[in-house]
Structure formats: structure tokens, C-alpha cells
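Here come two complexes built around subunit A, the first alongside subunit B, the second alongside subunit C.
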Partner chain A sequence: MSGSIKPSSLLLKLKSNLFTIGFFIPAFLYLFSFFVIIVVFLLKFSFSGNVPLLHLLSVDEFKAALWRSFWFMGVGTPLQLVVGLLLALLIQQSFKGVGMVRSLFMIPIAIPALVTAIIIDLLFSYPLGPINDLLLGRHAFFPQIVSLPVNWSGSEFLSLGLAILGKTWRDMPISMLILLAGLHSIELEQYEAAKTMGARSWQQFKYLTLPLLTPAILTILILRSIENWKEFVFPFVLAPAYPLLGVLIERLYHVEQNPALAASVALGLVILIALTTLIFTTITKMVRKYLVRV
Partner chain B sequence: MAEVKLKNLTKRFKDVVAVDNISLDIEDGEFLTLVGPSGCGKSTTLRAVAGLENPTAGDILIDGQRVNPLPPQKRHISMVFQSYALFPHMSVESNLAFGLKIRKKSLKHKSEKVKWAIELLGLSGFEKRLPKELSGGQRQRVALGRALVLEPKVLLLDEPLSNLDAKLRLRMRTELKRLHKKIKTTIIYVTHDQAEAMTLSDRLAVMKDGKILQVGTPEEIYQKPADIFCAGFIGSPPMNFVSGERVPQVEDKNAMVGIRPEDLSISLAETKDGIVGRSSVTETLGSDNYLYVDISDLLISVRLKPEEKIPEDKPVWLVARKEKHHLFDKSTGRRV
Partner chain C sequence: MKILKFVLIGVILFFIIFPLFMMTKYSISDRESIVTGGEYPEPFFPFKPTLEMFGVLWSRSDFMKAGLTSLWVGLFAVAFSLLLGAPTAYALARFRIPGVAILLFFLLSVRLFPDISAVIPVAELLLSRPFSLLPPVVLVGLAHTLLALPYTVYIAKGVFESIPRDLEEQAFVLGAAKSRTFFKILTPLALPGLGAAAIYTFFLSWNEFIFAYFLTFQGTETTLPVYLLRILSWSPQKNFISAISLLICVPVIIFTFLVQRYMREGLTAGAVK
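What follows is the complex of A and B.
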């Protein structure tokens, strides 16, 4: 290959590909307006305040929110993966009424997140919520577990736990569907071959299902971790006293009228998301490599 | 190495009887082929031996031990599937070593066996490749190697050559035969291709509708087919069948007469005891040519010697020596 392309040949190439280029223009404009412009403004805003990005860690509010968001992501992401995988393995089996069960599991995603969050909030309200009634033994069919009503939203651990559960419940169909598609792409004969070679169910799962599902698993880890990092609705409704990064951004912008700091936090969030994606990709590849070695 | 016995084996899927009360003794080191049209129960029989299907009734014995309750991994068998079922995410090496890894063999043992298989099957240089980066023939060999490294007592092959193109199939057929000579493992082979069955096997079992119709060496089945189905299924082009009343030499006019294309002689002049017909088309294969002769409603194939030339669309007389006639009962189809 020679190093330079003659301008005339470049023009010719451009001309012959005009049709293809034409197709890319809408996508390009879309990306440009929704991505480039937003990032530029984010950068501009975040450097206009008096707290530069690197000094964010000295802001106590940010540190606390970062820590909570880390736990939210760190517990929520694997939980959503495992629940999705179990459900996918369950509804992949053929049994009577599997079609109905499959549709049933799709319901959560059809309900707006805000509605789900509010219903959970009502269920767990203090001191007179249905769940507290249950735990206090006010129904004959359920034994008494606690003697005093539990203040769910008053505890950081419990309120964030509820937020994680709500998020997992609502988004499980996404993980389930991605994994189900992955499971369907594995041929039955591969399992039979493994069986004749002596692999038990657990070994078939470990050496066949798991590595063959890694593309699906990685997709879920990335999508879910991004979602969990920037989660807003569930913690906003269920744990208002313990803001996550997403909630903090809203508060800084609307309540405290500090758009510069809000932008800095948002930029920090973007960096965290990029780092997490990198880490999950590396880990998944390493696990896969370990599983397929001789 | 081991002998395999099937005793009154039956497999039913709901209302369908896939395997119908078959019994078969396979000797130690034998290459036995189950051959028959699709849906005859040959693959189900093989899968039952492998432990992938539970027999509805009957027993399977490997080396004298009843294996019905045993899972596949305890039967000392290996199986090669029609689709090869290679693990797409594993290299050739990992695929070959998979069974050994499951059996927790030492690293040394694993690498020795893998090396052995790679050399035996001519796969060197491809150790690190993924199945999708291999040709059909190479994939087939990996599937075979993966089964062989486990040193099975019985090797089960389910239509292993049917996904290959014609030329490669012939080559792999020879390779498979040489391989069996070398390793001397008992092999049960399933195919719908009668030519494959004839060329590879020590013995073959012809199956139809879940039943075994005949068991014997390729020569036995070719020379003395037990019934009309075996006679028509084994041999290419298939045996010709003519009703007894049309063949002057045959006394039993109720019988069906089967004559192989190579046993017929043809003449342009009227022949004693000959059946008259009209020459239709000639198929030229090079070493042999086949002429098709119209005798009223039937098309009879006749093998011609390469130097023999019969013009098309002329009256011809066909005759076969009496000892070359295969007589079958018209109602039962059995040999008389």
C-alpha cells in the first residue's frame, strides 16, 4: 500500500459511495445532537464551577452518594444477572403452560418504574403498611416476626435494599430475554455429546452453557451496571434520605441550584460507567478463557 | 473393546414404536452397521446404546453387564454425532481434551492423548483453531478424535459422513476403515447409505419400521437377501423385481422374482426363455454402463460391459441364469 491517496481517487470514492453516505447522515446527525452536544455542554458546565472534577472527592455529599451508588451497582448488577439466568433456565424448560409463565414474567417491564416504586413504598410504609401488618402478626396465616413496626425508609440499609429489590424486579425481563436468546442458540447435541463424554449437569453448565452465554452475560453486565450507576426512580422514591449519584445530580441542579456541581457529578458518573464496563469486559473474558482451557 | 448385546429392545415415543423388539449380538472388535431408510429406528437404537434414550423394554448389555440403568458416562462408550456437535467456543485441542478433562486426567495424560489423536487424524497445525475455522472433513476428524481419546469400549457413529461432500465422503470412508483396522474397537455405525454400509462393515443389520429384517455380512445380504425390502435396499442400482408369471424359467408363478442388473444378459436377437422389452436409455458411469429396458409397465436396469453397445429404442431380449433368480413370497415378501 502506498502511503497517500490521490485527491482525485478520494473524490471518486466519495462519489461512488454517495448513496451509502446518504444513509449514514441521519444516524450521524442523531449521534451528533444527542451525544456530542450533550458531552460538550457537560464538560463546559462541569469546569465552570469552583469544584474541579478531581476535587469532587472532597465533597462529602458526593462521597456518600458515590459509596451508596457503588453498593447499588455492585449488589444490583450480579443480582439481576443471577435472577435473569435462573428465570431463563426455568422458562427454557418445556412444561405445560410455559407460554403463560413466559408472558407473566414480562409484566414488570410493562409497568412504569415510578408506579412500581410507589406501590413498593405503599407496601412498606411506616408504621401502618401491609408488610408491617404482616410482620407484626396481624394476619392469622402469618407468624409474628417483629414486635415493633419496621421503619424501612428510616434505615439506609433497608431503604436501599428495597430500591435494589424494586429495580431487580422491574428489570428482570430484560436480563431474562437476553439470556433466553443465548440459551436457545446452544445446540442440544452439544449437551448430548458432553453427556456421552461424562459431563454431569453441573459440568455441562460450567463448560458449555456458561462460556457459550458469555456474550449475553457481558451484555447484561454492561447494560445493567450502566443502568444501576445512574438509577434515579427507585432510590428517589424509596430512599429519599440516602441519595445515590443520580438522585444527587437532580438535587444539586433543582434544589441547590448548582448546575456546575451537578455537571461535575454527572461527568464523574460517566467516567465510573466507562471504568466499570472495562472491568466487567476484562473479568468476563478472563473467566471464559479459564473455562475453555485444555 | 467389548461385545454388545441387545435383547428384545423396544423404544416407544408416545404412540410411535421407534424400535420394535429387536435382538442383536455384536462381537468384540466388530464393525457393525445399522442401515435403513430414515425413520427406521436405527438412530434411536444407537442412542439407546449410548444411554441418551431409555428403552421402553428390553436390555442392553455391554461386556456382559446390563447397562440400562447406567448414565452415558458409565457405559464406556463414545459417540460421534451427525452434526459433529463440536463445542464452538473451544479450540481443536480443547475439544479433543474435553472428555479427559471431565474425567480429571493428568495434564501429561491429556497432552499425550491429544497429541496421539492429532497425529492419528492428521490435524497437526490446527490445534489452536476453532471449529468454525475448519473444513467439514477436519471437523469430522475432530469429532472422531474427541471420541477416540477416551478409549471407549464401544464407538458409536451416527451418520458421521453424511454432512460431507461426495468426494470427501469416499475418502473418509476409507480412512474410517483403516482406522478401525488399527484401533480394533467395537464400532456400531448408523447410516442410510447402503454403499457406506456395504463397504465399511464386517456385518450389517438392515432395519425397517423399527425391526431388524436381516443381519449378515455384506456378501450374505447381497447374495441372499432375506426379503424383498433388503433385496431392493442393498445394491445400486437396486435389484429388479418381476412377477413370476412373466419369467418363463420360473415354476412358482405366484412368486416375485428378483434379478440384479449384473445378472441379466441382453441380446438384440430373440433368446430362449428371454423376456422381451424395449431398450430405453443408457447411463454411462465409465467402468459400467446401465441400460434401462421397458417391459410393458416396468423399467428394468441391466449392467452392460463397457464394450457392449445397445442402440436405444430397439426390441431386446433379457435373460438371467436360473440360479441368479431370487424368489420372494408375494404376500409376505420373505425369501422362498
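What follows is the complex of A and C.
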């Protein structure tokens, strides 16, 4: 008897598993095949080209772009952290209209990056634009600061600065939300205790908020540095003359029609991001250990 | 301290609103307000506000075509990522799958690549035969599905987890097949949550630039952001560019405000474990 039941139960099991597999497989297959394609293409291209991956560092274009990307990341990341922290602290405590303010603070993320970059390009246009009008003192309410209009896109420092400004403006809600979640996880009793012991608000911030916020801050540093390494749209529109790694990839692919070198740089960017993440994760672990000991 | 706080909030709100105000101002500017010839500063409000540019855009077939392309690409991405993602999310939420952690990692792994790195292989693949025979709308839609699918799966997984198992068991007792249970009982219940995933996908697609730019680099059929960039490269007229920019932003801003609560519910529904 048992022999006749077993096959049918096995069949049932297989049937139910088939259902699971059938349901699970479509999205998985789609994403996984693209993953494989990306990895294989990047590796194949970057080793088949004239410049093998390891020799990238001897290409001047790459070195310059790497250096610029490094600065973009190095300046943008802390700036975005500070701005996000400021925004989060401002709406941490509830007040009348806090919901409205938070909604308004969320607006930048709703604006497409390309549109943001183009608005900034319009505002800082040369020689005649609203910001140059202001700086030249052409409005009665603003003092004159420069005597000649500033050519923003003509200077490496200024155009990359504008790109950082745009990136910071658009992405500030993201950092704000993560830090806000971190702030809300700090228990109010701890603040009460600090107040009872006579801590001023600056002392509360320094000795209570900041240390307890460290995990959220480290998360932001990791996410933002990745985000800044791979930035494309803002420097592409605002600093086309001074390519970052992302802009260099586009240029090599479209203008110079050199997909192999473009893939090499693309792979180099992936490796850089992996290294940065590794370094930041190690720092995070060390800081956690240190915090626990204290 | 309190005054300082509100002053700071005011300053930040100014910096958030100012660029958007300027965009709106430019889009309704008359000629004298943008072409000053350096004789007077650009006014902060146009001398003679006009909706002329929107009329011009309305009658331009290339703009309308780009708008429609954006719409269709977004709808394609929504449909395709829900079709692929919802069943996967259901399987993840309900069934024990061996090695699920590794599978989840692979679901997300594609997003570990920077867009600008991933776009080279994707463009090389989709712009060569047989894929290049597909219309550009489908190609860009496929790429946007790739970007949105991991999030769709994660949101939908949370949605299915929030639906009580009892319902399915009752359906099973009453003799419904699993697929029937999924489509007739679970899907209607999950629709609001899946709606959040759909809205997320649509606006990801609507705002996306890099993949759309690479995949439609040579063709005439393209999405609104890429169209905007092309306009920028040949006609630097501030009011025209601003009018297009405004029209791209408006749906996103309206939706962000309208569906904020709904989306938060959808997203928290997706977040609960």
C-alpha cells in the first residue's frame, strides 16, 4: 500500500515545488542574467582592449579624471553629511507645521537630476545670468562683489564646485531621512537625564546626540561616497570640460568610440567603489568596537 | 535658540524654492526679461508674464512625441516589473527556499554596479541584434525594469507578508489551486501596496537619464530628459528650456505631495518584517 502512496506524494511535492520555482524564477532570471552579462562584458572588454585594466593608471585622461572624482567625493561626502544633519536636526522636534516643512524639504529628490543640473546651469550662466547679476552688484539690494562676470564653466574649480552644489542640493533629503531615523531612535529619557544633570543643548549634542548617531553617520558616509564616486549627470552638464570618471566613460564610449577603454574605466570605477566601501566598513567596525569599550 | 532654528529653516526653504521659482519664472518670461543685452539686470519677475512657451511646446510634435515615449516607457517598466516581480516576491514571502540569502543577494547584485558602468554592457547588448530590432520604447523599458525590479520585489515581498496566511488556507480548504489563490485572492488585497511599487517604478523611469540616453543616443525616438538635453545642445533659450523642465517636474512634484501618505503606508507595509 505504502508503495502506491509514495510516488503520488513525491509527485505532489515536485508539483508544489515547481509552482514555487515557476513563481520565483522570472525576476531572478532577469536580474541574474543581466548581472552575468555586465560582469562578463566588462571583464572581456577591459582585457581585450589596447589598455589592459592594470595599465589604466598610465593613461593621462584617466589619471586626471580619477583625481577630480577623488576630490568630488572627498568634498561632496562630508558636505552632504553636514547638510543632511542640519536638516534632520531642524525638524527632529515636532512643532506646528513640521509636516509641511518636512514635505518641502523632500522636494529636491522629486526633481530629476538632469533638470536640477540644467536649472543651475541657467542660474550661473555667463556672462549674463541671475547669479552674475547679483555678484556684479546690478541689483540695488546686493553689494558688488566682482567687477567682471564670472565664467563658471570655464574654471575647473568653479564648475566642479557647481556640480557638487547640485548633487548636494538634490540628494539632501536622502541623508536627512536616514539621520532623522537615527535621531528618532535615541530615547527621550536620555535627553531628560542629561538635562537633569545640567547639560546645555550644545553639550547634549556633543556628548549624547553625536555618539549615538554614529551608526547613522557612518551609513551616510558609505552611501554618499559610493554615490559621489559614480556621479554622472551633474558633472556631465555643469563641468563637461573637466570630466570625472563617469563623464570620461561616456566620452570614451560616444565621442571616441572606444568601448573597450570605456569598459576598462567602468570596471576601474567598480573596483574603486568596492575598495572605498571596504575601507569605510572597516572604519565602522573599529568605531563600533571603540564605542562599545567606552 | 528657537528663533535661530526658524531663521535656519527659512534660509533652507529659500535655497530649496529659489531654483524652482527661477525655473517657473523663466518659463513664463517674455523676451525682454531674458534677453537683457546687459543693459539692466534680469528681473526676478517677468515684465510681461506669458504662457507663450507652453503654447509653442503644445504645437511641437517632437516634444509631444518625447512626452508620449516617456509615458509608454514608464508604463512598460511598471507592467513588466510587476509581472516579473510580484510572483517572485510572493514566493519569497510564502515558501521556504533553500539558500534564500544568496538568492536575495543576486536579486540586488545588479544594483551594486554604478549606472554609468552598467550602462556600457547593457547598451552593447541591447543595441546589437536581435535586441536592436525592438522599438526603443521597449529597449529603454527593459533597462528601467532592470533598475526598478529589485525594489519592486522588496516592496511586494513586504506587502505579501502583511496579508494573513489564513486567507490562503481557507481558499485551499475550499479547493482553490495555488495560482487561483494568488490571482483571485491575494493580488486584489495586495493592489494598494503594489500600487506604491508601481508609482515608484513609474517615476524612476520618468526621471531616469543615463540608460535612456545611451539606448536612444542615435535614434529620434527618446524620453523627455534626453529630449531636454538635446534641446539644450542647440538652443540655449532660457524660457524654452525652463518650460520643458517645468513640464517634466510638475507630475513628479504633484504626485510626491498627493501620494505621500499613501506611499509611506506602502513603503512601511513593505518594510515590516
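Simple rule for what comes next: the second predicted complex is superposed on the first by the 236 of 294 C-alpha atoms of A that agree within 3 Å, B and C clash if a C-alpha of one lies under 4 Å from a C-alpha of the other, contacts with A are read in each partner's own complex, and residues count from 1 in each chain.
FYI, contacts are C-beta pairs under 8 Å (C-beta built on N, C-alpha and C of every residue); 3 or more make two chains touch, one makes a residue touch a chain.
Everything numeric in this text was worked out from a predicted model, so none of it was measured.
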item	value
Contacts of A:A64 with subunit B and subunit C, given as first, second, both or neither	neither
Partner chain(s) touched by A:F32 [first = subunit B, second = subunit C, both, neither]	second
Touched partner set for A:R138, first subunit B, second subunit C, both or neither	second
Of subunit C and subunit B, partner touching more subunit A residues	C
Which of subunit B and subunit C A:G198 touches, first, second, both or neither	first
Partner chain(s) touched by A:Y207 [first = subunit B, second = subunit C, both, neither]	first
Partner chain(s) touched by A:Q190 [first = subunit B, second = subunit C, both, neither]	first
Which of subunit B and subunit C A:L158 touches, first, second, both or neither	neither
Touching partner for A:V75 - first (subunit B), second (subunit C), both, neither	neither
Subunit A positions touched by subunit B in one structure and by subunit C in the second	none
Touch list for subunit B against partner subunit A, complex	50-52, 71-73, 77-79, 81, 83, 85-91, 93-94, 97-99, 101-103, 110-111, 114, 146, 150, 156
Subunit C-facing residues of subunit A, complex	16, 19-20, 22-28, 30-32, 34-35, 37-38, 40-42, 45, 86-87, 90-91, 101, 103-108, 110-116, 118-123, 125, 127-130, 133, 138-139, 169, 201, 226, 229-230, 232-233, 237, 246, 249-250, 253-254, 259, 262-263, 266-267, 269-270, 273
Interfacial residue positions of subunit A with respect to subunit B in the complex	187, 189-190, 192-200, 203, 207-208, 211-212, 288, 292-294
Residues on subunit C engaged by subunit A in the complex (per definition of touch)	1, 5, 8-9, 12-13, 15-17, 19-20, 22-23, 26, 36, 38, 40-42, 44, 83-85, 87-88, 90-92, 95, 97, 103, 106-107, 109-110, 113-118, 120-125, 145-146, 149-150, 152-153, 178-179, 182, 203, 206-207, 209-210, 214, 217, 225, 228-229, 232, 238, 241-242, 245, 248-249, 252-253, 256-257, 260
